[in-house]
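Everything on this sheet refers to the single structure shown next.
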Amino acid sequence: MLEEMKDLDLLSTCCAEDKFHDECGVFGIFLNESEDDCEAARTTFYGLYALQHRGQESAGIAVSNGHEIQLHKGMGLITEVIKPDHIKKLKGRLSIGHVRYSTTGMSNVVNTQPLVFHYLNGMLALAHNGNLVNTVELRKRLAAYGSVFQTTSDTEVVANLLARYSQDNKIEDALARCIMDAKGAFALLIMTEDRLVGVRDPMGIRPLCLGELNGNYILASESAALDTVGATLIRDVNPGEIVVIDQDGLHSRQVIDSPRRAHCIFEYIYFARPDSTIDQVNVYQARREMGRQLARECNIDADMVISVPDSGTSSALGYAEEAGLPFEEGLMKNRYVGRTFI
Amino acid sequence: MLEEMKDLDLLSTCCAEDKFHDECGVFGIFLNESEDDCEAARTTFYGLYALQHRGQESAGIAVSNGHEIQLHKGMGLITEVIKPDHIKKLKGRLSIGHVRYSTTGMSNVVNTQPLVFHYLNGMLALAHNGNLVNTVELRKRLAAYGSVFQTTSDTEVVANLLARYSQDNKIEDALARCIMDAKGAFALLIMTEDRLVGVRDPMGIRPLCLGELNGNYILASESAALDTVGATLIRDVNPGEIVVIDQDGLHSRQVIDSPRRAHCIFEYIYFARPDSTIDQVNVYQARREMGRQLARECNIDADMVISVPDSGTSSALGYAEEAGLPFEEGLMKNRYVGRTFI
Amino acid sequence: MLEEMKDLDLLSTCCAEDKFHDECGVFGIFLNESEDDCEAARTTFYGLYALQHRGQESAGIAVSNGHEIQLHKGMGLITEVIKPDHIKKLKGRLSIGHVRYSTTGMSNVVNTQPLVFHYLNGMLALAHNGNLVNTVELRKRLAAYGSVFQTTSDTEVVANLLARYSQDNKIEDALARCIMDAKGAFALLIMTEDRLVGVRDPMGIRPLCLGELNGNYILASESAALDTVGATLIRDVNPGEIVVIDQDGLHSRQVIDSPRRAHCIFEYIYFARPDSTIDQVNVYQARREMGRQLARECNIDADMVISVPDSGTSSALGYAEEAGLPFEEGLMKNRYVGRTFI
Amino acid sequence: MLEEMKDLDLLSTCCAEDKFHDECGVFGIFLNESEDDCEAARTTFYGLYALQHRGQESAGIAVSNGHEIQLHKGMGLITEVIKPDHIKKLKGRLSIGHVRYSTTGMSNVVNTQPLVFHYLNGMLALAHNGNLVNTVELRKRLAAYGSVFQTTSDTEVVANLLARYSQDNKIEDALARCIMDAKGAFALLIMTEDRLVGVRDPMGIRPLCLGELNGNYILASESAALDTVGATLIRDVNPGEIVVIDQDGLHSRQVIDSPRRAHCIFEYIYFARPDSTIDQVNVYQARREMGRQLARECNIDADMVISVPDSGTSSALGYAEEAGLPFEEGLMKNRYVGRTFI
């Protein structure tokens, strides 16, 4: 298992910095046709429900009916923010959604996502997981051309870049230029009136995968969200790849071909769901193998193995198995205390 | 382990009926002295937090300052209902609290607990876990004497009985008469202005234990709540026993001495916390032993053991251990879906 | 105008005491038949909307479908508490409602009205405007028989009295005994499963009038509520009279025939709506006449008459008219500050 | 009275169109010094309270502490949106606020004001009463340069114009260019970190006045807001004038000198408070004189004059006085129904 991980340059420094920024989950779907106007929004709701562990602070869903983008978002869990009555009003065959956890103090409603913008060529909705390291520089550059900013989020910076680059261009061309400028970690979903676009940063720090449900494409932070809605995992979006989904199907463009991979190790350690497979490595098996490897490297004289639940349990089971020790549940977690982060 | 349980008459029929009624958690504390006026309420808050798995529908805390009882309660989790500002106002050295899960449709604010009553001799607060089987008959009997009822809860019936029996009597004498009349399962806390009273039904269907924290007595549904607040388990309240805690200490009276024990088996199977010890049997060890016993009785040809989380995990670990099979986590539980009941 | 009032013994002492208690508005309707299940609740909603000036603190509506009484109430204005979705669920041909202003500190949800009780003969809903002066004595008397109290309201005392007196009796017989015991000001509506009862205290301190809408009877605190729902004023309920409305129509019983009348003068001065007629005296005309009389008694040398809005305007217009002075609006009231009381 | 109005070109056509847009109230204050950090926000709160009749849909206050702008806003009345705890956090000597009524369907939280922007030279807060007629054209022009828009409000357009024009310029120079581009009605407050700016459209359609409180300047939609906070009216801001208030005092610049005046007649008829004086005409006296003039032009045979409250009462009093008829209150307004607009 760890063999599969050995060619990864695990960018812990990036993640350490990333700790001061956002953790998020994104989900998007493009239905070729649907008899139920709210199917896209409803599927996004369930996809976000499966990604709730990636962010409990705010949630939102945007849909496009081909002409116009509508949005509902707010502070709280997805089940608190999006009620059945909201889904009834979110009509359209395209949808993207977002759940957000902010590790900084700026957890307020103005920074909830998706963000929706009017620009020269129409409307844009953005849902972003990750953070840029050159935001300050990009904001300065944009402000010098007259841009104004209403939030402190990187997403608004990306939207302004997109608007500036898309004057005569298709959104994917503008996006290609954007990701040359933007440095950092990003798994980004963009929805226009009639297309769904996904992009992943050149080193693949944040996860993003592609799935299929009855002939329709889905983009999601983790494969567990695909399982939840009954979809099949096709593959991960490649680092530096833009995928565009429209009425004609899927188009891919490899914009940057970085020789370096830097998947975030914390996804495997505790952030992602164990039942997700990220970059072809199953998270549960990775944790279990890390436990086995720990037993090989640090075998100590002990009576039993006890885990710190929940994310430590798989590793502890691996350690117990390799060390030939009994596994016991010795620490109880109060299920009514929210998710804790290091 | 099961040896320890063998003398228990596991009353599954009672629990099956009980399924149509309330599951709840109760907690009470009597501080002999305190420099912090809100310490009793705060300790009750943390005790209820540890008992949240026993009821997520409503929560409430009542305190007495020796002269008057104050109450705050509402629909929702304890952390949603009781905020730091509420605790600041709940001043007094005596406190009882309640978390409630109702399996019937009557989940509304009028049935939240504790219930507080004015009666001939002052004020009473009641917090009840369990259900009576002769409520209809008792209500009729009381109504014939002019009683009125504002809720559908058994607790209001008990309060009316108490008021009627306490004309010239101390509350514990009135309570002794009450538990002759009341048939069913109950672990009941009663607070007057200056004393804390606990009682457990004659067969011990619902759990109730006694703890000690810095020389002060605590009553709680489960020992895990004692651990959470730093208290020590003294013993279980005996079936049919009334314990009275006042300024002079603890007084016990064995009112009914039923030869039959009928602890609810579902407490051990899935309802209680694994880290609680109920009637001298640790829940986690009971589950693990049930798994081992199952392996002995039903050993099947299998590659691995997979549990239905969370309450099934301890049993599955026991089964795997006894059967010599590997244990694997094969089902993931979405942590953001609330507790489910059969 | 004041001539019409001259035989009234205006009981300002009572009202001064009353100031420390509740001001409220009540409304009730009995529909003989209705194709719309929610018509009774909806009419009560509009009636209470017209009586909102009598209490802005809490509001509630109870309905009976002939078998069972349902209730919705809460803190706030009627439009905040009762939403269209609530009215849809309040099905039944009988309905009573209440708006409440509490001049004491006990403005909390437990004291909102109507109060609904189960008693020996079924269910009771009560909505009360006024206050008793012998509550403490009545509570003691009832508690000695085993009654318990969950609120501090007079209404719960009346309910307990009713329950005690109604053992073998019809509700109106029990009520007749009650109003012998209860001393003070009350305009009280009682709804059982199948009848609507109204009673007014023997001196007529609080107003209560009887109206008719398409052959159905209505009871309301003020005639302005009748106008709002399109009903016609039949007459005031007499002091000391019980009116019972059931499937057979209206029945009246004069229980007490007090020689003394003591209508509350503050209803005319500022509490009631100017477009109401109370005890055959129109409030607007009473105010205007009071202004004219003041001009006759205290004519001063002035340039203009300026009123303190809103309740002083009618009197000021009367003064100006009688004194031959111009009336000017010199004080502006911010419409977004809630009603103020002396 | 009407003589004073005769040189006004009453632009009813503009106002008719304006009907489809926003009615709002604005208030701003610059404290030279203050021992109380929250005095600016508190004064703005009371100023907006006095202007609540100009908009009941949303409210907000922004403050600057010299370095940074903070904002609190939301849907609802000022007393619902801004609580004492919010004011405690709004520290700074500069403050602007806004109450909004939207006559179109776009009444949602994203369009609440003030709007706060980061731009090249720092931060900007804007509060706007009025509407532009060339918004679509301006948005297109800005989008062609890469601007994106998150709201449908004119205010965001103005902010983008300002940002574009302020590259090397002071805010007031950028603003001077803005108001050349912007066509329509506007009374606009702008707050930077260290200055408060007010501007009124060239024809003076929307009101804006300048006041003084203990040596500090205030800008407000109506003089009634000055009275409420204890300030004195200095003068109206002139049509086409920019006033800048900073640490050095007040600076004025007459940017456009339109020969045409077009004060909105509906301010005098029913929109403004009677106790405000707008462009040197007192609203109450204007209404009273309009009533007198109506009596002169249309004298009919009548018994009495009855007004449609509230805004019609002053006119009716004027009519009654001129026609020698008695004035009576014949229509009652339910004080608990919100403000109605034509």
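Chains here go by letter, A, B, C and D, matching the order in which they are written, and residues are numbered from 1 within each.
One rule holds for everything that comes next: contacts are C-beta pairs under 8 Å (C-beta built on N, C-alpha and C of every residue); 3 or more make two chains touch, one makes a residue touch a chain.
Protein identities per chain, from UniProt: A, B, C, D = Amidophosphoribosyltransferase.
As the structure is a prediction and not an experimental result, all values here were calculated from the model.
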Intersection of contact partners for chain B and chain C: none
Most remote chain, CA-based centroid, reference being chain C: A
Cα-centroid distance, chain B relative to chain D, in whole angstrom: 60
Centroid spacing, where centroids are CA-atom means, of chain A and chain D in whole angstrom: 44
Residues of chain D engaged with two or more neighbouring chains: none
All pairs of touching chains, each written as two labels joined by a dash: A-B, A-D, B-C, C-D
Chain B residues within the chain A interface of the complex: 49-50, 52-53, 56, 77-79, 224, 273-275, 284, 310, 313-314, 317, 321, 326-329, 332, 334-337, 339
Complex interface listing, chain C residues touching chain B: 109, 115-120, 124, 139, 143-150, 159-160, 163-164, 167
